[in-house]
Amino acid sequence: MADSEVLRAPHVLEYPYVRSVGPVIGAFLTGLRDGRILGAQSRDAQGKATVIVPPTEYDPVTSADVGALVEVGQSGVVTTWSWAPEPKKDQPLDRPFAWVLVRLDGATTAMLHVVDAGSLDAMSSGMRVTARWRPAAERVGRVQDIECFVPEAANP
Amino acid sequence: MSDPGTITDSGSSGEAPVTMLATPIRLDYQYTAGLSQSRFLQGIAQGKFIGQRCPACHKVYVPPRGSCPTDGVATTDPVELSNSGTVTTYCVVNVPFQGQSIEIPYICAQILLDGANIAFMGLIQELPATDVRMGMRVEAVWLPKDQWGLTMASVKYFRPNGEPDADYETFKEYL
Amino acid sequence: MSAAAGRATVRPVAVVSAAQTKSVRREDHRNEVEMLMPVVTDVFANIGVTKADMGFVCSGSTDYLVGAPFSFVMALDAVGVWPPMRESHVEMDGAWALYEAWTLLQEGEIDTALVYSFGRSSPSQLDRILALQLDPYYMAPMWPDPVALAALQAQALIDTGKATEKDFAAVAARSRRDALRNPNAQVAKDQSPDDLLRDDYVVAPLRRHALPPITDGVVAVVLAAEDRARDLCERPAWITGIDHRIEAHALGARDLAQSPSTRLAAQGAGVFDASGDAPGAVHVDVAELHAPFAPQELILREALGLADSVAVNPSGGALAANALMVAGLLRIVEAASRIMDGSARSAIAHATSGPCLQQNLVCALAAEPSGPARKGA
Amino acid sequence: MAERCAVIGVGQTKHASKREDVSIAGLVREAAGRALEDAGLDWADIDAVVIGKAPDMFEGVMMPELYLASALGAVGKPMLRVHTAGSVGGSTAIVAAHLVASGRHERVLTVAFEKQSDSDAMWALSVPQPFSAPLLAGAGGFFAPIIRAYMRRSGAPDHIGILVAVKDRLQALKNPYAHLHIEDISFDMVKDSIMLWDPIRYLETCPSSDGAAAMVLASERVAESSTSSRPPAWIHGMAMRSEPTMFAGRDQVNPQAGLDCAADVYHQAGITEPRRQIDVAEVYVPFSWFEPMWLENLGFAEKGDGWKLTESGATALDGGDIPWNCSGGVLSSNPIGASGMLRFLEAAMQVRGQAGEHQVENVRTALGHAYGGGSQFFAMWVLSTDKP
């Protein structure tokens, strides 16, 4: 049989998953909807106090239950970044943007999000960025309620 | 920025706390049927059931899936099978489910085509659901020729072919 | 924590046969079973055995590449497990299937095992299915692609001052050049690092050459223990140690410029027993490292303490062929093959899984079951 | 050659059709935390984690063990993910036990779960592929013809399936973790429930559940010094067997892989008369008729006689000599990926005397059984109060 006779067809795997989130993630998402960013108090392997943002239900390293939730800053430091010149389907922005790990003021860990910086040249590790929120009416309790981060100087 | 502090109220806006998250997922694939399935469906498009014989155990598989599942070798030798076969076992479907296109109740049967060594699932029509029997002889009813295509849907269903029932001993090893 | 082995003695087990497809960008005229069958046939024929000689069968694959649940079930038809066999499957790279089989062989009840994995990356949207490996609440909903995440890791490495984009290009240039001598490689070219640095960024700081190709492929190996290995193979590739470790999933809770789980796995595999764990202290003839992105090779070299003299990825590595779920087991196969063909006496193979090297397996191989000579022991 | 291995801790979730109070991590943590607590251990004590579940499409998370590493205390440790279709919960426990039996580790946490309510199990199990035959019958349509074949072969009367469905639901009332608690379950209620796939009635099928199961497996040294309030359940035999899914002449009613797996596990455990030597069994029965079929496949009854054992009441917790599925079984709780592990775990609970209201008295030896797909994958273990 010639290769051309082998049958091929498109196949779609699609489902509208709806997930229950439990108390910790639920509180974080509720906070986002209300315009606040929450972290979870925890302790690292050496017993030093930490704040996990976004809050996982269990400490990322020690696996202990996390403690109380606390509000952290809406600005922070980029710990590392990458520049996406061609955004892909369903990604947070539809123009070139930076993926970042951003450590918010008051947090110990960094969260994955994006920075709308205009150009690669505007990005550097250690730069300060601040959250740009979607309008309150559009926020539903998901990470994209923060539309993106922007360089702090550009949004004082 | 407000002062960091312990959060005690989970829904300060007065709205209910968020408990669910919608994350729709869509993935697109380009599916390849592979050689054996393609050959089988090309036979269907010509109104024929074409199985494949294992060169090691000589069993005939239909629809063929590329390998003999017991010997792990390619089944390459094509075998044209009869349009008739025997109902080895069956169930009566009486439940609606997603993707179903037939009015319930109806009969789903394992059909062993004459010349094949494995049964496959087929729809039985043209008789009341209560009248189906193990051993019943059936034949394939095809769509009009101009509607044959590269799909098992070219076969509308199976129906009794009027022959006397097969003896249980002749098909019991296929249960 | 006592994650170390509870028992000191390790039963000698070796790779005695290996087979693979030629890695290609798109294999679209055969299904998984049809791809796997000739490879399983070869891996047995190489050493004159049949499936009936196998005490165990274990495979690794993922349903998301196929887009259907239970995809490993039909793949089993390529082996023909009749009469019934002891058989298992991990939803992981085949390197972990090999680990499961090795563990079972340690008990001494069976002497042989077949391990295989299959991965056709071409039919799916890899960028999207790999996003589904991420935390489903915080990360996956933003659909970050694997290149974007590897680029975060690359930038973290650059920020330490230990590497530059030119170093990434040098890894890619060497891998592609070495691949010219690997008939199964998919991407093989002779280009200078300076030529490669003219590539565009896919996601900065990663340019095209720092990315793996999209690959369809399958691989199979036979493991055998002790005398059975010596009977089946002139130069068995003895597994002197194997271990694997996982790190936290939250990227922002990790130091992406390092691979502590690789280091722990290497300790568990006895890599540092012979030479100590000082930087550059580990002398083996060959290291096959599963680094799908060029900067990851640099991170892994450091974690493993490899000496500069070690030939890293002579096969071309994952930059020359990277069938998902296969590429890790393929590293073990390539490392073992250098020992089986007599060109190496000692080797390290590594496999990774998850975003930014989250989970890592290290397998130490040698021409003698006792491993390489111990310095000062 | 192999090292001794024992279960020293068990934990499971409350199973329900939708566990909307927890995330995926929260679900597995609930079971794993209880297993650790039962074993008297902390996360840091665990050497390795082995997790299993059925297809990733149920939750839409590819290789979820990556995301679950922190929830399960696996960071810095080895973590394996097993997937062997419906038998996976059993296979996962066996893979974990081999990590101890091989001398590799001393304390292994094994976990299995399914959070089906994130999607829809029926969807995930039947994603149509191009060129495949149209979906004719739905999930039960695969099993109903096999049951009909069993009835024809054995001459079993129509009501046997109803007896099993009632018995397992009555037993579930004594298990606080069970998903289905049908207080007024009766023969007539099952008999009058809708015939879905003749001969399978609605109440003769398993539910679809969210749930998780976990166990701590330990070496002899650790088991003997365990601070758990319960004794260890020692593994006397464990086995897995697979056969092809479809082949010419395949016996799906009494599959060879099941016969071989049972023969292997009995040989290891020194069992020659299962009905006499095994005190209690937890067996994977997703449709009621699989009880008589597996009674024969597992050697508790002669071929063709399994239904007679069921009919006699021998398999009931109340008065039977060989109680099956005292927990209510898969017919009462079915978090698919965890269902097999629940069978293994419930066997351990019986041996350790911690099954509460559904405890059988004086259990010395118990069988745990899981199977998957179209009856082609099998996993079994035999546990005992006595050290082997």
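Note that the chains take the letters A, B, C and D in the order they are written out, and that residue 1 is the start of every chain.
Just so it is clear, contacts are C-beta pairs under 8 Å (C-beta built on N, C-alpha and C of every residue); 3 or more make two chains touch, one makes a residue touch a chain.
The structure presented is a predicted model; accordingly, all values stated were derived computationally and were not measured.
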Greatest contact count: chains C-D
Farthest chain from subunit B by C-alpha centroid distance is chain A
Chain-centre distance (mean CA atoms) for subunit B and subunit C, in whole Å, is 37
Here the gap between subunit B and subunit D, centre to centre from mean Cα coordinates and rounded to Å, is 28
Cα centre of subunit C to Cα centre of subunit D, whole Å, reads 33
Between subunit A and subunit B, the Cα-mean centres are separated in Å by 43
Residues in subunit C with touches to at least two other chains are numbered 28-29, 64, 67-68, 74, 76-77, 80, 82, 123, 128-129, 132, 136-137, 140-141, 248-250
For subunit A, residue numbers touching 2 or more other chains are 6-11, 13, 15, 17-21, 25, 29, 56, 60-61, 142
Shared-interface residues of subunit B (touching two or more other chains) are 19-21, 23, 25, 27-35, 37, 41, 68-70, 150
In the complex, the residues of subunit A that touch subunit D are 7, 9-11, 13, 15, 17-22, 24-25, 56-64
Listed in rising order, subunit C residues that touch subunit D in their complex are 1-3, 5-7, 9, 57, 62-64, 67-70, 72-74, 76-77, 80-92, 96, 99-100, 103-104, 106-109, 129-130, 132-137, 140, 243-250, 260-261, 264, 268, 353-355, 358-359
Subunit D contacts subunit B in the complex at 20, 60, 122-123, 126, 128-131, 133-141, 144-146, 148-149, 152-153, 194-200, 244-253
Subunit B contacts subunit A in the complex at 1-7, 10-13, 15, 17-35, 37-39, 41-42, 150
Per the touch rule, the subunit B residues reaching subunit D in their complex are 19-20, 23, 25, 31, 33, 37, 41, 57, 59-61, 63, 68-70, 88-95, 97-102, 105, 108-110, 117-118, 120-123, 129, 134, 150-153, 168, 172-175
